[in-house]
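Letters are used for the chains, namely A, B and C, taken in the order the chains are written, and counting of residues starts over at 1 for each.
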Amino acid sequence: MPSRRATILVRRSTRTTRGSDARHAVSGTRAVGLIENRLAEMGLELPAALVAPPGVRLPYESVRIHGGLAYVSGHGPFDGDRQLFSGRVGAELDVEQAYDAARATALSMLTSLKRDLGELDRVATWIKVLGFVTCAEGFNVTPSVINGFSDLILELWGEAGRHARSAIGAAELPLGMPVEVEAIVALA
Amino acid sequence: MPSRRATILVRRSTRTTRGSDARHAVSGTRAVGLIENRLAEMGLELPAALVAPPGVRLPYESVRIHGGLAYVSGHGPFDGDRQLFSGRVGAELDVEQAYDAARATALSMLTSLKRDLGELDRVATWIKVLGFVTCAEGFNVTPSVINGFSDLILELWGEAGRHARSAIGAAELPLGMPVEVEAIVALA
Amino acid sequence: MPSRRATILVRRSTRTTRGSDARHAVSGTRAVGLIENRLAEMGLELPAALVAPPGVRLPYESVRIHGGLAYVSGHGPFDGDRQLFSGRVGAELDVEQAYDAARATALSMLTSLKRDLGELDRVATWIKVLGFVTCAEGFNVTPSVINGFSDLILELWGEAGRHARSAIGAAELPLGMPVEVEAIVALA
């Protein structure tokens, strides 16, 4: 079920302690990359790294690097051990909530990329995104859901964020997530 | 709903204005590649490039090139803004119609590749195809549907068209499409 | 339907003709690779290569190699022409049976890799796994199913078996298979 907290996480406005010049406020405290500066400017924070729910083993890597590419596992809208959105789009969630879930999914993926790459600026270009949406019967505007992922990547990376994509309706996604996205990115 | 027009598009016989020697008829007028010659010999024409339906944003690239590979977004059976086939296989469509939809999907993908690569001959080899089929409950012969895509690629590229593949039953595909296919190809 | 034979295939204990030191027993008869030695030590045998069921054409390659990577087609729990598991997880199969089906799927994929590469040791590292699970309504612990695939790869390859992954609920899979997995591996 989408929580109020989730919406806040995704759309939190720039915090007053940073003021309108978030870039300087942040870079004044520690060296962060361009992408993290943009996140701060947008008032967004990376969620905590995914913690597997009780009783579920996840024996795979969030990110696997080979040949200058990072292959990124399917991610969903998690903040640590908290699942921010659950349910089928067109039933428990409407398309706007699902868009937010896809945006939260992008943020969770960025957390994994930062942890494994050290810095998000190491992602030079986005290549391919494969998004899945849990659809209630009859809901098929899956592109409008996965746009929540794509829009954030384009806002952050600009031209370098452009990617090929598919948006598929899944029967079920792990743990009732409404959205799951995997990706291939090229490293600097 | 499959339209009569769609069937004509996919199976149109060689037009009389080209006669039986389509290759020469075509290459006599302008320099086209080997693949486009074969298309003409088969009496096939590339559809118009996909135009997003009203109210749907598609903020992604049809084709994304990196490291000598082209990553191709999920395509469906479109001709410009016209969706040539709709519905679930095993309900609104039978397997032969769905085969035709997969073939039309291949043609739509070739339109994207031609536009982005300049010429289809730049596709040196096909590598991987991931096909999705909207299945009515109980329909599971998804390979026989995606064969409509694979057969056309093999007819056009011969040995170089050989590819690894999966054919998956999706709960829903964008806008009620019966088939969606994404691919990875290697460039010359 | 899961057969008793299937369970035997997946979990067969080391055969008495090999004794407890399977590695020497096997390597004494012919040179096999490290991975095949491990399989023998675990009491596992590779199934026969997939034979397409009657009336179904599969015009694609099991494995397609390009740029030092092998792109592996979607595989399921087959032994030659015998489908070892059928049905939806959460209905005809429980999660333990589905785990076994994913393990049998890994073995079938290894058969394809051995046939096309000559030797399994040519698989230097695993990169990416995309798994699909046919889910009865309400079953969504797809990761616990695909773990049957991942666990076997990690048992056999160790660190080199680590991979990025997604586990998606499909509406239908070819021929009623409960599990289908495709992969990208890097070659030595």
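Just so we're on the same page, a residue touches a chain if its C-beta (ideal position, glycine included) is under 8 Å from a C-beta of that chain, and two chains touch if they have at least 3 such contacts.
None of these values were measured; they are calculated from a predicted model.
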Rotation angle superposing subunit B onto its copy subunit C by C-alpha atoms, nearest 5 degrees: 120
Homomeric contact subunit A-subunit B: same or different residue positions, threshold half: different
Distance between chain centroids, defined by C-alpha means - subunit A, subunit B (Å): 30
Of all residues in subunit A, the ones touching two or more other chains: 67, 130, 134, 170-171
Subunit C partner contacts - residues on subunit B that touch it in the complex: 67-69, 125, 127-130, 133-135, 138-144, 147, 150-151, 154, 162-171, 184, 186
Interface residues, subunit C side, partner subunit B - complex: 56-64, 66-67, 71-74, 130, 132, 134, 170-176, 180, 182
